[in-house]
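In what follows, subunit A forms one complex with subunit B and a second complex with subunit C.
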Partner chain A sequence: MTNILLITFAISLIYLGLANRLGSYINALVFQGIVLFGVAFIELIEINLINLVFVLLETIVFKAIIIPYFLNYIIHKNKITRDIEPYLPDFVSIVLITGIILGSFLLSNSIQDSHVRKIFFVVAISALFTGLYIIVSRRKIITHVMGFLVIENGVFILSIALGNEMPMLVNIGILLDIFASVFLLGIFANKIGDVMKEQDVEQLSNLKD
Partner chain B sequence: MTPFYSGVIGYYLIGALVISILLFLNKNKRMNYLLTILFMVLQWVFTIYEYNHINNVDLVYFTPDSLAIIFIVILSLICVPAFYHSHIYCNSKNENPRHRGIYFAATVLLLTALSAAYLSNHIAITWIFVELTTLSSSALIYHRRNKNSLEGTWKYLFVCSISITLVFIGILFLSFAVQQSGGTDLFYKEMFEKASVMNVFWLKLAFLFIFTGFTSKAALVPMYTAGIDAKDKAPSPSGALLSSVLMNVGFIGIFRFYEIISPTSIFPWANKIILITGFLSIFVATVYMLRVKNLKRMFAYSSVEHMGLIMLGLASGGIGRYAAILHLVLHSFAKPTLFFQMGQVYRIYKSKSIYDIGDYFKYNLSGSMVLLLAFFVVTAMPPSGMFVSEFLIFRSIFESGNILLLAIVLLLLTMIIWSFGKNIFKMLFIKPVNFDDSNVEKISPFESLSQFILLALVIYLGLNPPAELVNLINDTISNLPK
Partner chain C sequence: MNILSFILIVFASLFFSGIIIRTKSIFSGRKGPGIFQPLKDIWRLFRKGAVYSKTSSFIFQIAPSIYFASVLMAICFIPFGNQPGIISFKGDFIFFAYVLALGKFFIIISALDTGSSFSGMGASREALYSLLVEPAFFILMGSFALLTGHTSFFEIFSSLHFGSHISYAIGILAAFVFVIIALIENSRMPMDDPKTHLELTMIHEVMILDNSGFDLGLLLSATHLKFAMYGALIANFFLTPNYEWYYSIPIFISSQILFAIVIGTIESFMARFRMNHNPQYIFMLTSISLLIYLGVLLILGKIV
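After this line comes the complex of A and B, so read on.
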């Protein structure tokens, strides 16, 4: 079951490559949050109850409800146009993201460790690099934040792989999640919206040599 | 080494947090002075306590080992002039009480998080406090609240968030390795003992991620960019903190992990990576130093260059390791002087661009002496203490057989000295165009005193390092293989 969920997660990464509206990105993030809820529920059922409830709340409430709501709010408040505005055509994006997933599979082949389930590793690494790819290939600041959230989801998957032995790391991962998202989104995406009319990265290019 | 649970660091953290909250809430100027003095007293008492209880574990997760002691003493020394100049800065701008409160609260939080990150003996705890430094320093960078500082803050926050995530991924890989070797926890000491049986594949991945992540704090290639904008946009006293004590936290993150992998078979590989990063940092710094027009950014690039040299020394081994840490200590004292002085320069010319600044000798004699002296110290010309450490680094590169690398680095450094000198001398002696000096602010020579003291310290520590410091440095590098 975990495998199926993780593979669905990987498919949602490819979907990010071809979606070209902000709304579809938000939907994909909601979907990923729900998938992570499933994975966490199946994998972490053995850890103590309070910790489990905390993790599950984080995935379902934070990742799948609060953050998407917040993103929506920012988009409406700042009247951001709904287009993603990629630098590269969709076709290239899909090929690159597929390449990333393939590359992580190849990398995972060189692991000689029976303790770790490779699928976690593959999906997490793919999410990491897809997130980085989204950050460098999109123009809007809000999509950069979304790329960062995809990276966070990847990190979460990797920490679940360890969850039963070191629950502390899962909690720290969640801390990172909350810190980064709240801070990046809440304070800064809002502030930037107040100061700049168009939320383009081009607006942020005064500091250079 | 007996575990010793005094919990002093707990009192320190709580005390600093309370002071920070009070600073945030307080609107009264005199109360503000009092609270910062209170924090300095707390910081010093804590530093002296930790110095006297070296290697005693405190609250499970904190151990003042020799490297931590070196850094925390540096921090306590730097924080005094930093607060002094921050007060001057805020008074000169007639800062509104709320912004002043946020500024000082964030500074206190930054210094506290740095101290705790130095002392931590557990990689996850270091990570948490490094994350806190990102938070507090972004409040400092945003202090001026204009469009450019917003841009600087956004970039800093974003790049640091990504790098802190990379460090976390590295920690996860590391814990795969720890688990497989039968360990249960991520204490540095425990990992160091188990390192030789850990899975090399995970360690390699962990090294790559943790190293890349910490380069954002340590101002190295590839993540140095955010730090440059941050040091430029932050008020100059906080720029001084960002380019000294904050860089040390990046170094400590890298060094502690470097220590863990030193007994393993990937050690030569890691050295190679560090060597390449160090060289690229010097190269990038040279390229930008040659064309940079903003003086604060030039100082920031000079930090990138020095950190690159430190990495070269560390990776070359031998005497280079000692020299690297000595160089880091000296750099932490030398670089803030330039930033403190830059605050005064900015008050006279209202600009940081090299085109608007000139003939500084006419307007501020003591300040220009500082700049001249700091130029010699920072570019490591004798009698600067950094000459000694830099010379030792070159010696270690030579002894490790990388003669070509040494030649290229020396060439790059010559170019850096040339462009650094060109800008500093232009600033000191050549008349600026279109500068109206009818109502230039008169700056008291007393404000330059702290910089003279710091520069004297650099010269003294380099030429005649006290036995205490030498012992601490030697103890720090004693775990690395010969």
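After this line comes the complex of A and C, so read on.
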């Protein structure tokens, strides 16, 4: 069952390459949060109860409800346009994301380690690099945060793979979530959308002393 | 008795487009034509002669027949339940794909042969989309060949077992990929609109714009046959070989009808994609096929 959920997660990564609205990105993030809830529930059922409840609450409340709601709120509040404005055409995106999945697949096959199950490793690494790719190839600051959330989902998967042995790693994954919320708060508090008219990182290069 | 699958596919092709048209007219609240209207259209075309332009050569005249023949040839490979198709050998799914590609090649060069600028544009698009579909089909069939350890349609489908959770997931994904491949290969709605009236937005229709009479009838009936052929491929996923014919024939017919209704529903409720968005949607099939391959490796225990 975990394998099915992880493959579904990988499909949502491909969907990120196809989508061209901010709304679709938020939906994909909600979906990923729900999938991660399922994975965490199945995999971490053996750790102690308080930790488990904390992890599950974190996945379902933070990843699937609060952060997407807050993203939506920021998009409406700062009047950010709905298009994600990629630097590269979508076809290149989807080819590259497929390449990322294939590459992480080959990479994980060359690693001889019995501690991590390979399917977790494949999906986690591909989520990491997909998030990185989204950060590099999209123009808006809000999409950079979304790319960071995808990266952080990847870290979470990797930490779940080791969750039974070291619950500390799971907690580090959750810390990343809070880090991302601080990012969002920064955008929200500084009203970057209002101050700069457009949240375009290219405008940062116009800054001078 | 190996001819059974051939007869059934030809039989199903007679009603397939009619069911699609009927579904669409019910959803849009029209009275609509009857189920036999496409058949009547083709019969009307078959009684007419063809008109050939003076600029076109013999390729334009033979291409429809070759296209029709290639589709008939491809249908011969489709197995049915516990019986192989008329022709069946090791690696026949590669032959299947390239027989279809041969027909498509001839229809493309005949479109270029007409000398019309629109036809050339449609031919280029059709070639691009077929090119993007091909890796998805091969990765999918290759994964199933790896899973079952056999390399012909009949052996793959007859030794396919659905046991664990992940094999169900793979079955659903594969059926999804096959449905989309069928839609692309038949140039239906999300990729190409068969009812469009503007040459600039046509893909398949603009290629056969210059064909008339008997040739057009051949092309149209080849499209119907192709639909039923892909429907039969999808039905084969659910036809387990243990069933006797009196179970498997109703399963076959009902899955064909279901497939037609699904296509009609998709066409009623979806707008077509923008032309420049098509390649990435088609390439997505390859990505999903790669994930199916990953799932197959998981089942086989190659990666843990």
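Keep this in mind: the second predicted complex is superposed on the first by the 195 of 209 C-alpha atoms of A that agree within 3 Å, B and C clash if a C-alpha of one lies under 4 Å from a C-alpha of the other, contacts with A are read in each partner's own complex, and residues count from 1 in each chain.
Operating definition for what follows: a residue touches a chain if its C-beta (ideal position, glycine included) is under 8 Å from a C-beta of that chain, and two chains touch if they have at least 3 such contacts.
Keep in mind the model is a prediction, meaning the values are calculated, not measured.
Superposition of the two complexes onto subunit A shows subunit B and subunit C fitting side by side, with no clash.
When the two complexes are overlaid on their common chain A, residue A:17 makes contact with subunit C while staying clear of subunit B. Contact with subunit B, but none with subunit C, is seen for A:144 once the two complexes are overlaid on the shared chain.
In the overlay built on the shared chain, the residue A:102 is in contact with subunit C alone; subunit B does not reach it.
With both structures placed on the common chain, the touch criterion links A:176 to subunit B but leaves subunit C unconnected. Taking subunit A as the reference chain, the count of touched residues is higher for B when subunit B and subunit C are set side by side. Once the two complexes are overlaid on the shared chain, A:91 sits against subunit C while remaining clear of subunit B.
Once the two complexes are laid over each other on the shared chain, residue contacts for A:162 go to subunit B alone; subunit C is not touched.
When the shared chain is aligned, subunit B comes close enough to touch A:206, but subunit C does not. Minimum Cα-Cα distance between subunit B and subunit C in the superposed model: 15 Å. No residue of subunit A lies in contact with both subunit B in one complex and subunit C in the other. Listed in rising order, the residues of subunit C touching subunit A in the complex are 165-166, 169, 277, 279-281, 283-284, 286-288, 290-291, 294-295, 298, 303-304.
Those residues of subunit A lying in contact with subunit C across their complex are 1, 3-4, 7, 10-11, 14, 17-18, 89-91, 93-95, 97-98, 101-102, 105, 108-109, 117-119, 122.
The part of subunit A that touches subunit B in the complex is made up of residues 110-113, 115-116, 124, 128, 132, 135, 141, 144, 148, 151-152, 155, 158-159, 161-162, 165-166, 168-169, 172-173, 175-176, 179-180, 183-184, 188, 191-192, 195-196, 204-207, 209. Contact residues on subunit B toward subunit A in their complex (touch as defined above): 124, 127-128, 131, 135, 147-148, 150-155, 157-158, 161-162, 164-165, 168-169, 171-172, 175-176, 179-180, 184, 199, 201-202, 229, 232-233, 288, 291-294, 297.
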